[in-house]
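Worksheet: one structure, shown below.
To keep things simple, chains are lettered A, B, C and D as they appear, and every chain counts its residues starting from 1.
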Amino acid sequence: MTRPTIGVGMLGYGFMGRAHTNALRKIGYISWPPPADIRLVAIAGRTESHVLGAAERFGFQRAVTDWHELIDDPEIQLFDNLGPNSLHAEPTVAAARAGKHVVCEKPLARTAQEAHEVWQAVAAAGVKHLCAFNYRFVPAVRLARQMIEAGELGEIHHFRSSYLQDWLVDPAAPATWRLDVNQAGSGALGDLGAHVIDQARYLVGEIRAVSGRLKTFVPERDGTPVTVDDAFEAVIEFSTGAVGTIEASRFAAGRKNALTWEINGSRGSLAFDLERLNELQISTGRQGFTRRLVTEATDPYLSLWWPDGHIIGWEHTFVHELHHILQAIVYDQPIRPHGADFEDGYRAAEVCDAIIRSNASGRREPVSYRTL
Amino acid sequence: MTRPTIGVGMLGYGFMGRAHTNALRKIGYISWPPPADIRLVAIAGRTESHVLGAAERFGFQRAVTDWHELIDDPEIQLFDNLGPNSLHAEPTVAAARAGKHVVCEKPLARTAQEAHEVWQAVAAAGVKHLCAFNYRFVPAVRLARQMIEAGELGEIHHFRSSYLQDWLVDPAAPATWRLDVNQAGSGALGDLGAHVIDQARYLVGEIRAVSGRLKTFVPERDGTPVTVDDAFEAVIEFSTGAVGTIEASRFAAGRKNALTWEINGSRGSLAFDLERLNELQISTGRQGFTRRLVTEATDPYLSLWWPDGHIIGWEHTFVHELHHILQAIVYDQPIRPHGADFEDGYRAAEVCDAIIRSNASGRREPVSYRTL
Amino acid sequence: MTRPTIGVGMLGYGFMGRAHTNALRKIGYISWPPPADIRLVAIAGRTESHVLGAAERFGFQRAVTDWHELIDDPEIQLFDNLGPNSLHAEPTVAAARAGKHVVCEKPLARTAQEAHEVWQAVAAAGVKHLCAFNYRFVPAVRLARQMIEAGELGEIHHFRSSYLQDWLVDPAAPATWRLDVNQAGSGALGDLGAHVIDQARYLVGEIRAVSGRLKTFVPERDGTPVTVDDAFEAVIEFSTGAVGTIEASRFAAGRKNALTWEINGSRGSLAFDLERLNELQISTGRQGFTRRLVTEATDPYLSLWWPDGHIIGWEHTFVHELHHILQAIVYDQPIRPHGADFEDGYRAAEVCDAIIRSNASGRREPVSYRTL
Amino acid sequence: MTRPTIGVGMLGYGFMGRAHTNALRKIGYISWPPPADIRLVAIAGRTESHVLGAAERFGFQRAVTDWHELIDDPEIQLFDNLGPNSLHAEPTVAAARAGKHVVCEKPLARTAQEAHEVWQAVAAAGVKHLCAFNYRFVPAVRLARQMIEAGELGEIHHFRSSYLQDWLVDPAAPATWRLDVNQAGSGALGDLGAHVIDQARYLVGEIRAVSGRLKTFVPERDGTPVTVDDAFEAVIEFSTGAVGTIEASRFAAGRKNALTWEINGSRGSLAFDLERLNELQISTGRQGFTRRLVTEATDPYLSLWWPDGHIIGWEHTFVHELHHILQAIVYDQPIRPHGADFEDGYRAAEVCDAIIRSNASGRREPVSYRTL
């Protein structure tokens, strides 16, 4: 048992930092044997006192306030970027060029152009790259993918999905970097919609055209202009001919973290709700939907966990995701198809940009994807 | 108690004929005292043996194979048109011009132009006119309207709705008049989508722009070309600034009669599912949705029925709807706002036409409404 | 087509009178051809003005204040007893002895002894007898029975059922005859529990022992002592060895008409909720429950109604039930197994009495059934 | 920040060992600052190779095959007993007598007598003791307790609960120690029913009488007699006058880990389902149940976790539970009322024994509780 050790450098220490660290610490005993031993080498953040506290709490060996130190650290083999969207491109590219494998939170970048540049640079560096569309790693979502691949739904006709939250419906909710186009790129679209788009691509296939509408309901908060969308709506078409609607909003009163989708095929349908992420609704006969608890040992990722019927939580998606890239690194396996790599990150950004273009032009916009 | 008697002439004897007749027969003892005594005067249909059988079964005094006989019959004060879409305009207009009040099934006509002509002619005749958007008469839907009018949801931001059925997902399903553009005008759009559009208009307000996509998955059945849509998808914008997605499909495997919608406002949200039409999901605090059984005696239309918790069915919407027009006739009350009149029928047709235009043009299409 | 005419005499004109009349009036056109033409001959009630109004509204030819007039009326072939429990035995027996077929609302009588006497007398008269356990006529319930008979659940191990309402939880709710042991026999037990017991017997089989507890939470209302139970709980054992719990309460805040049950067998499980009576939850694989909408044309009783997915209501159970006895009369068919006859009414009363005995004795009480 | 260090010795290394270890490892960074630093000192198990593997995986400093070594180890301050029921009493008492704080999995012992002895011995030792009824630590359950204590439900009338699993419904399922009365004490009763009883006691109050029935459907597996119950059913009465039904089964086809309960009070009702443990169904008005996602930062235990709407899993209950006893140890706080101590473990055993007595006697059995 000569397991390799992989050193991790992390940029960001908010709740995503906590979620990723938790995953990295659990892999060592939840998956057994783990693909590698994890060393939490260093964590970077702007505010010294905060990042020092995070390092102590999460168990990183050291804290730094300049992310370049992570790039220069030879003990770090995996760079995990959880910073705000405006800090995705530069550090991630730098890390890859320094030979480190990279994880980057979604959206990969603020625009498709920026995302393409990141993908190009990172691919050229020859490292493993994963864009953290963690909802691919929900067992029910991967089970859905498996069923669709196996033809259990037949030809897919429809995909409809919403990602609904309510934290901006209060007009007094404060301004944050997420409401500033320069820092975030877009609003509900890039933050929540990117997940919807990635689910669509993972489960149904490539999106070839969109007709979209963005909406900002509250144009100013705390005296600061809101320069991103509060919500978007779009009709989409897939290369396969399937059609659907997608949507995200931070103004859906009573909805907390409601990423839902339904897929209808010629032989059956599936439905999912992130607030009940242990369940997949399956209709493969003529008669109604079966509430399938995706908690069997034979279900995707469930061999890591508990007996049948003992549910897992949101944080577990990160365990599966980071376990996936560790396996990819150690055994030199591809990130795709079950993980999203930076090409997936880039492609989601192209769809987001097409929705923004459609909003402005009033036209159905084709989505064209660049290669490397 | 000198109740008036209202004679009814009906065009059509399929399941809608059964549903309307059932309603007309029940009004006399379910609402008490009823606004009028109903006389089932005559029923018209193409096939003599069928229409004779229907008259006997439903209790009409006579059966005719030429609908003009209904127009000429002085005993008929209310003309109820349940024929195929291509038979909506001419008989309805003729009846109105003969001084009869008119009910016409939805969609009012095959195109907005045709619908406008019907509305114009009927309005000029000075009779009561109701377009049978019966889902306005679901108690939960009317309760939703009341809550929205009372401001319980605040300003409305989102409306999303689908009407999903699965009867065409089988490629061997036979051709019917509903799949022929000349007889039906459109497919899922006019048949199911018209309900969605009417719910949007009844609950949220006027639609001012649409970006739509039609889709025909199976282009030919029984050797006959399918000349209508199997499904449509659209992004819509309301005059108020609210935005949303609407959709209808006859290709949604496992969905039988699933008209669902959700409305999000600045103070709360509502959700509805026609397959559970006795329930309204209400979120007016910060915390989740309440499954409200709309079966209290004080709920809309429920004083007609049973004790709390004793549910009603789909057919009851027709009792409420026909009771509504009878009251309008007897007491000279307006059909609006809780009933849909022919202006509502026309306006829904304008939205449908705009979706068809948008599908062809690839553009977001404004919806403009003509007056009389 | 020489359909017989069956004259009906009804005792009682409250909401049950409305429900039964509605059913009798609908049978003539909903089932086609109906087994008989119905003549609403006479309705009886204590208060002259009320019963006159009911006769006019419901369409009975005459109103009487003495139920004996119904017995003496040769035009009446079917006597439908909807009176309070204390008026079940004498008029029903009298009608049967006069050669009339009889329907009697549940519970058949106030005690097992009284129920046995009624059953004996009526059986001796040779007429058709039906005890109005109308929930046997919910399509989902009959489908459940069919699935169990076909062995789809294997050997039954468990039955658990509650019938929960909330109308007495308010301590200021007024006293009614339902709270008086002399008029009602028992409280939640005979009113709601009798339905639970009948469902158990219809779906699983004979009950052989009970351990029960009665409870009266509010001992006095309007200065009148409450002499019946507000709720009961029991453990039951079936002759087959299956075990379960049953319960009814009028003190379940938030529950309006919640008759629910779940049945677990060696090969599968079923679950039902009367507030969603169009649905049956079915688990016959290893994986979760399927929400089956019991609205297909091939489902029990559904050929009478509407296209797939168009739900029916509570009142429809009476249409099915009265249609059933009319067929039994006209074609001389047995009421059993899908209808409950007076033996079923008597047997339910035996179980109720055993629960009352068990409550008093503190012992598990065997249930023994007398024959004719 | 001079945090104490607490050394843990664990008996058992199966899935409960994994669940407890996971919790102990997470406390150090999920709660911040944690009440103590945890040292995983030693783990004991019968099979050397297995326990060595577990120690390596879970991170214990050493593995032992004789639990007495844990008792003698001065580095251990907390003894966590996850062994089979027959190994609860002796090691736990020995650990307490050696001055170690103790956690013991439920049921505390195989009989009330044995449980009382354990409680007595441990209480006399003056250490902290917690019986691992981990479902008290579900946020929704603790929220329910808080609502009930605050009077939001008024006076409680009803408690009904089932704990349903299906892993024995297959007659070919193998024999395990759980089916042997000497090792397990009882079957579904002590394993699942104990949780139900503890929820009843935690939420409603003390149980004073039971009428119960045990059932063994498959009397032999693998040629070994099954000497425990496969299921039990009981009517219960609380000291307060509330009544209810409780039940557990390993024969409920389609139910995986379905601990459900409903509580009805004079002012409202609550309902819970462990398979959807992030939700509490709340009815405090007259109108239906609200699906409350218990994932707000202000909800019990949720300050440890993620933003609103991001659900947690089954394993999190152990984090809360072990965090609770660590706080109790470090700050010398009581385990009760939110944790279950050994008196609670003993009292649950008294209820189990009374159900067994009632099954044999056929009588309603009072439950009397001994003091120290």
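Just so it is clear, contacts are C-beta pairs under 8 Å (C-beta built on N, C-alpha and C of every residue); 3 or more make two chains touch, one makes a residue touch a chain.
Just so it is clear, the structure is predicted and the values come from calculations on it, not from any experiment.
At the far end from subunit A, in terms of centres built from Cα atoms, lies C. Looking for a copy of the B-C interface in A-C, B-D or A-D, one arrives at A-D, which has over half of the same contact pairs by residue number. Subunit A and subunit C, compared by their mean Cα positions, are separated by 55 Å. Annotation: 42 Å between the Cα-based centres of subunit C and subunit D. In terms of their C-alpha centroids, the spacing between subunit A and subunit D amounts to 36 Å. Counting only residues that touch two or more partner chains, subunit B has 255, 287-289, 293. Remark: subunit A residues 15, 18-19, 21-22, 25-26, 28-30, 32, 57-59, 165, 167, 255-258, 275-278, 293, 295, 305-316 touch subunit D in the complex. Interface residues of subunit A, counted against subunit B in their complex, comprise 153, 157-158, 160, 162, 164, 166, 169, 171, 211-213, 215, 217, 231, 233-235, 237, 241, 243-245, 247, 249, 251-255, 264-269, 283, 286-289, 358, 362-364. Against subunit D, in their complex, subunit B makes its touches with residues 285, 287-293, 296.
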